[in-house]
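Chains: A, B, C, D and E, in written order; residue numbering restarts at 1 for each.
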Amino acid sequence: MAEAIIDQAATPVADEHHEGHYTSLGLSNMKLAMWLFLGSEVLLFGALISTYLLSKTRFLTELVAGNPEVVAGISNDENAELVNEMITKGSVEPLFDIPFTSLSSFILLMSSLTMVLAHKSVTEGNYKNLRIWLSTTMLLGATFMAGQVYEFTTFYREGLTYDGSLLGTAFYTLTGFHGAHVTGGLIMLGSLIYLSFKGRMQKDRAETVELVGLYWHFVDIVWVLIFTIVYLIH
Amino acid sequence: MQLVKSRTKWLAGAGGLPVGLLLAGCADETKPLNTFNPQGPRAELIDNLIQPIFLIAAVIGVAVVGGAIVLTIKNRVKPDDFDPDDFPAQTHGNPTLEWGWTAAPAVLLAGISVFTVFAIWDLEETNAPGGGIAGGGELDVMVIGQQWWWEYRYDVDGDGFFEDVNGNGVLNTTDEWDPADAEWPLEIALDDDDVSVANEMVIPAGEQIDLSITSRDVIHSFWIPRLNGKRDAVPGRVHSWNFVADTPGEYTGWCTEYCGLSHARMRMNVIALERDEFNRWLANQSRVADIPSEDTEAAAGRQIFQQQCASCHIIWEEGIGQDALYGRDFEAALTAKAAPNLTHFATRSVMAGAIYSTFVGLDANTNDLQPGNRNDRYLDEYLELPSFIPEENDQLGELRWNRPQLKRWIKNAPSQKDMAPEDLRGMPAFPGLTDSELDQLIAYLATLD
Amino acid sequence: MAIVEQEPLALPAGEPSRSARPLGVFSRPRNTTGLKNWLTSVDHKKIGIMYGVASLFFLLWGGVPALLIRLQLARPNQGLLSGDAYNQIFTMHGTVMVFLVVMPMGAAFANYLLPLQIGARDVAFPRINAFSFWVFLAGGIMLNTSWFLGGGPDGGWFNYAPNNGIAYSPGIGIDFWNVALMIAGFGSLTGAVNLITTVLNMRAPGMTWMRLPVFTWMTLVTQFLLLFAIPVLTVAQLLLLFDRRFDGNFFNVAQGADPLLWQHLFWIFGHPEVYLMILPAFGIVSEVIPAFARKPIFGYPFMVFSGIAIGFMGWGVWAHHMFVSGIGPLSVTAFAVATMFIAVPTGVKVLNWMATLWGGKLILNTAMLFSIGLVTQFTLGGLSGVSHAIAPADTQQTDTYYIVAHFHYVLFGGALFGFYSGLYFWWPKAFGYKLNEKIGKWNFWTMVLGFNLTFGPMHILGLQGMPRRMQTYDTSQGFNTWNMWATIGSFILAFATLSILYNALVSYLGWRRAGRPNPGPDPWDARSLEWSIQSPTPEHNFDVTPTVTSLDDWWYHKYQEDENGVLRRVASSKELAQPGNGEGVHLPAPSYWPIIVAFSLPIIGYGLIFSLWLCIPGVFLLLAAMYGWSLEPADDLDQDHHSEPEPELAQTHG
Amino acid sequence: MSTESMAVGDHSTTHDDDHEHHPTAKTYWLTFLALVILTALEVAWSYLGLSGVALVLPLLIMMVIKFAIVAGVFMHLYTDLNILNGHWFTVAFGIAIGLAVSVYVVVFAAFQFNI
Amino acid sequence: MFTWGPKYLIGLSVTAWLAALAYGLVTGGDIVGVLSFGYKGGVGEHLGYTLLMGAFTVLAMLAGVTFATRDGEAETLARLAGTDTVPQVTPPTAPSYWGLLSAFGIACLMLGVALTSVFLYLGIAVIAVVAIEWVALAWSDRATGDPDTNRAIRERMLGPIEVPMLGAVAIAAMMIGVSRVFLAVSKTGAVVAGSIFTILLFGTAVLLAQTDAPRRFISAAVTALAVLVLGGGVVGAIAGEREIHHGEEEHSDDGETGESTEEGLLIDE
């Protein structure tokens, strides 16, 4: 649609000959908009990550200090060992399963690669590979989400409930939000695949793939942050 | 502190006067919350800082507004004289000028900021470690806000109030421990010597009071304008703050952080007394309550109190140890469980978030919410307060126990002050109490001097 | 979200248009007039007008609680409003005024004027533009339905934790505040993306950065502030939502939470917010004053860069709202000093306006008066702002009426005066007739009088110790006199506020009676591009995209300096203006989807408040509508273009 | 932000993908390899049992590098940089990151030190 | 003459009636009460009985209506009306399985009322889907005279709903399936299974992208993956979650606790 408006009436004929359209910066509107949107997402995730860090710190301080409410909030019948370990280490590390989360990170990174390959394929007009890479990206993303489901279930079973502790609330909110973004990306990828099979995702539409890619990579970047800040720096 | 004082003094001398005039009537005794009427060094520090700034602001304001008006009048073109082809000089700007008026305010503000920064740090100054009240040097008071009244806990024996969850009950009178470092939830270790009062804080005049401010539920703000600025009472945090009242007198304040339903009815009273009077007061507060003798009206009242009221209110009596206190740990949700300690209720001049006087002149007998005669009160009368209570046949103008108001309060507190007892916030109504029962209760409360 | 506007989801290039013309709502709306057109329009001018109407309505709607506040406070110990009612009323007053009046009013001017000032045909994403408006309106309506569905929010407009928690505000009012503002905020966010893209990318040839009108610049800064500030508020609101609805612990002190987190998040948003409320008004004044002083804005680069500076510095001062929160003296020091220095760029603006007045030939019509009103009244508010920045002094001032005085001086005396100025200035451009000057002058002078009478005394009240958000006070506190004056003033002010509507009505009738004379393209002999086209603005804006060669390009088409350096008129506006025939111009087609998507959000919102089940149809509708949106080509391929016989141009849009 | 270069930009038109020089597939694969190695390093580092700055700083550095690589190569910020005026993507994103980092670090400091 | 509409509806209504009888009896009603709509005697559990009887009544009435209108069948109607020409009939846009599915949905619903709420929700969901799909289909069948256009219209209307829903279901299936596998195996097992699966996925993709694989090949790969995920998920779900609590890894290393053997069993499955 952008072209409709930018269709600068001053040179209506010339417009038919080149693909790109006049924009002041020589950049595509959609791409610019996507970057602006991502910029605002940076502030969103920044706030969520900060909230998590603060909450975790406060939680640990209280836990180590033995605040009975906080201890009760994280304890269930079976996890005395875990809670003890958290208290003695003064860290949430005992909760985490770093090997598994590393796998998750790896999967998401891999999906970034396949995403960028998808974009490459569409610019080259290789629609078969476009579909293959898009589908792979989507499947990898879904695998990542499966990992999240798994992880949430495990944590929940281990005593980290959403409403029981500050840590639980903050952790599930942050990772849940990231998960929601991944899900959004999956839906976009699904649409691309659908359109591609309908023959509507051709070379001249490469930018759409790129846009979805931008979003996807951004979600990946956020995970890079979460993985390091939340999981590794426990 | 000294530095700022000396520097701001001359500014204040130059600027204070006209600004004072400008806000004429401000330093007026009928305005008990007036911020232009400092009665202690902290408030004075602030006043000295802001007066010259108000002056500067006034000058700039007059210059800009006046300038704009003058320019407008001078340069305006009457519609009849308007000639579309007659243009003013088309100036596009003048970088030198513009840099000038970028730099000038910057320089001015840089100057102001120096004084500001010093003042900020000065206000934070807490007392040097000392020997506690007994040493006559200082008083540590913990100020606890809750919906919608204040509790004051006095550290009489000077051992510090607080234990954090680790049991680190360390003196807050030494350098070693800053209340701000305490771990939540705090438990308040009231020993037998310590004192807890509600709504009215009594302090020795001329001495610095170190406050540790916190809250049981939502955020409140502690503010006695004539003594110092405000500081928020934030649950989960302990904030230090302090003030000095230069002279004996009554200083009122108002909760200034919006805290829900009755935020408008959460006020405070500070009574500054001479040191020896204060000591007298303190000694009295440290006593346990008398138990009324059998078969009196008051004894019946005590009975009712124990049935109906003691679930929330505590009255320390012989045998009830202070550590049997409610609210040894105070948590966010414990709102209603925390009700004013009534051990020496009859010695207070205000009640219920300091919105009512506990004693009134005769003429105000029937008028609720009529504390106008608070202005007629004298401090020695405050001290003699308990003795006014039981008098029969008062003379006009004499003060006595505010029975009607108290009755209304006990019978139906939520009708006197917005509260939500159904959500455990505030005091419930007792529609079942008969008139005579109310009289008995009040007779009992009256013995609590 | 952002991909939905993408055309590629439409038919591939070159595919012939479908012959089908399906029925019902699934065909594209075609109306160019009438209700249906307003509901489905993607025209930035119509959307701008709708923003304006909505925010004027909310101005009255938010003014009614203000008047109730003033009635309640006119005398001590009044019982007009209970504590509970009072709390809801000031909360809604503040919230409505900030989020549903000043912000959308800024958006109204931005929407209407940005494309015109940069010589564009529309904004970058017209349908997203419509969506932004509808989502704002949906949020606004939803917020106000709280009155009927269990009581308004009662946490104050900044809604501090933990008083906003379910334990202390068990009703659903705060959930409405939370969810509805989140929804409205979403509109602001998409609007920001859209408008930034528009300014960056759709300027007419030659419209370089240093040729952008100041209003455009200020709006650009505003939109950047929105872009980055809204998500922070959203996060704060999400935390609150999870706490209130799903038993989260973010502000649960018993679990170790720190309530100051809310304050930080809110004010990281909140302070940029106050600047984004004032900057559009600054922009308006920077257009109006040069036009009626008949000389260019003094120090254009300084005006631009001070605006940018305000935008940046606005991010570094948020904790000045927390001077007494116990954030510690170091933080207080840093934020106090940072805050003071914001007076510097603002001062540059004020003084540059004065310098523009200096030596000008001032035409004192209503628009100009309101602009000068802003310069004077805002300055007073700004100066009290600086006195808050003196942190020790703020410990006396904060949460008193002195603060209330400050922010009404900057918000009403600043933002609203600016907007009124803009309304009088651009009214003929939008509607084709001028507002009555006589009523306008009345409007202005009663406003100045009422305004100062209402809020002036609040300075004194505050310094005398009257706390804000007080349902009532006692005689013993000595607040009686000034409160009475303020109440009297507020009714004068209400009268003044209303009189623009009266003016619009009278002027319209007069204009109709006079046979609808056209005010011409350039009734004020003004400077920027929007005056180079007919009034009211033709649907397609520019017949031919202008090429810009200087700042105030339009002005220099009309006037040129002769050999003596004297300005001479070279042509009249009428001769120069574009005639307004949109032959061959291709406009984006209206669409149902934006409004459908927008109104699916409150369904989810109500679901979050009342029952999660309701979210299911909401999400369903949302997903379906977003899909419908992305499958719908931005252009109506079936629609004939303006006066062009052959219907299909689609193939040119590759 | 010189006015000069913007003025030039004003007359440009969109660059098609053909004109943009996006990296080759090989670059992408190598980038991915680098990311995997960095991730592995990160995990390994976290297992060394360090604490404090020794733990955090290297992890943060690696994190930032990963961030930059993804943004730069996969999201084409490096290549877009070369395009006239293309730095607007970077500007928008950069302002966001700058604001976010500084604002939230200050918040954190305010809580951490509480002075 | 019975066309298939009334036939179907009558069948359904009889089923509903029988189900109501059965339900009433099972939940403690007596036969007279159940047959007499509770006029004499008890009907057992009221809500379910009423719902099922309500369903019967509605279906029976529908059956009556369709019977009376001869199911809107052109030929029959023409014959009834005595006209010579049969009105023009457009062929249906798409073959319709919705009747079948709705019967399934209603059966689920009934089972749900009688047995467990899982079926009830499933039934409601199926019926909702059918209702939307069928109405849209029926409407688009008559939208224009051109079947292609009709199909286009149908897609335009339902695409926005179908595509994201199907996508969501697919993604959800994948997420649930894979996570069930992770949950069933041990902690390390999850990492191993995840790695293998990912590498398989990625490797297949690389292979397919490199070679000029024929279509069939791709389809096979996709099907295999889907089967893997769904099958794994089902197996995992049946196997159930392993005992999750902290420190299991240490335990299994020691090999001395009961859980570790149980875990071993799970992996074996």
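The rule we apply is simple: a contact is a pair of C-beta atoms (placed from the backbone, for glycine too) under 8 Å apart; a residue touches a chain by one contact, two chains touch by 3 or more.
As the structure is a prediction and not an experimental result, all values here were calculated from the model.
Number of steps on the shortest path from subunit B to subunit E, with steps defined by chain touch: 2.
The minimal number of chain-to-chain contact steps leading from subunit A to subunit D is 1. Top contact pair of chains, counted by C-beta pairs, is B-C. Distance from the subunit B centre to the subunit D centre is 51 Å, each centre being the mean of its Cα atoms. Note: centroid distance subunit A to subunit C, computed from Cα atoms, is 32 Å. Multi-chain contact residues of subunit C (touching two or more other chains): 196, 200, 203, 205, 207, 228, 252, 254, 256-258, 260-261, 268, 329, 627. Across the assembly, subunit E contributes residues 163-164 that each touch 2 or more other chains. Residue positions 10, 88, 92, 95-96, 99, 103, 107, 111, 114 of subunit D are each in touch with at least two other chains. Every residue of subunit A that touches subunit D in the complex is listed here, in rising order: 18-28, 31-32, 35-36, 38-40, 42-43, 46-47, 49-50, 53-54, 57, 98, 102, 105-106, 109-110, 112-113, 115-117, 119-120, 123, 206-207, 210, 213-214, 217-218, 220-221, 224-225, 227-229, 232-233. Residues of subunit C that touch subunit D in their complex: 196, 200, 203, 205-210, 224, 228, 258, 260-261, 264, 268, 315-316, 319, 327-331.
Touching subunit E in their complex are the following residues of subunit A: 78-79, 81-82, 85, 94, 97, 99-100, 103-104, 106-107, 110, 114, 117, 121, 128-129, 132-133, 135-136, 138-140, 142-143, 145-147, 149-150, 153-154, 157-158, 183, 186-187, 190-191, 194. Remark: subunit D residues 1, 3, 6-7, 10-11, 88, 92, 95-96, 99, 102-103, 107, 109-111, 113-115 touch subunit C in the complex. Partner subunit B is touched in their complex by these residues of subunit C: 77, 82-84, 86-87, 154-156, 160, 162-163, 167-170, 252-254, 256-260, 293-296, 298-302, 324-326, 329, 332-333, 336-337, 340-341, 343-345, 347-348, 350-352, 354-355, 357-364, 372, 375-376, 379-380, 383-384, 386-387, 389-400, 460, 463-479, 525, 559, 566-569.
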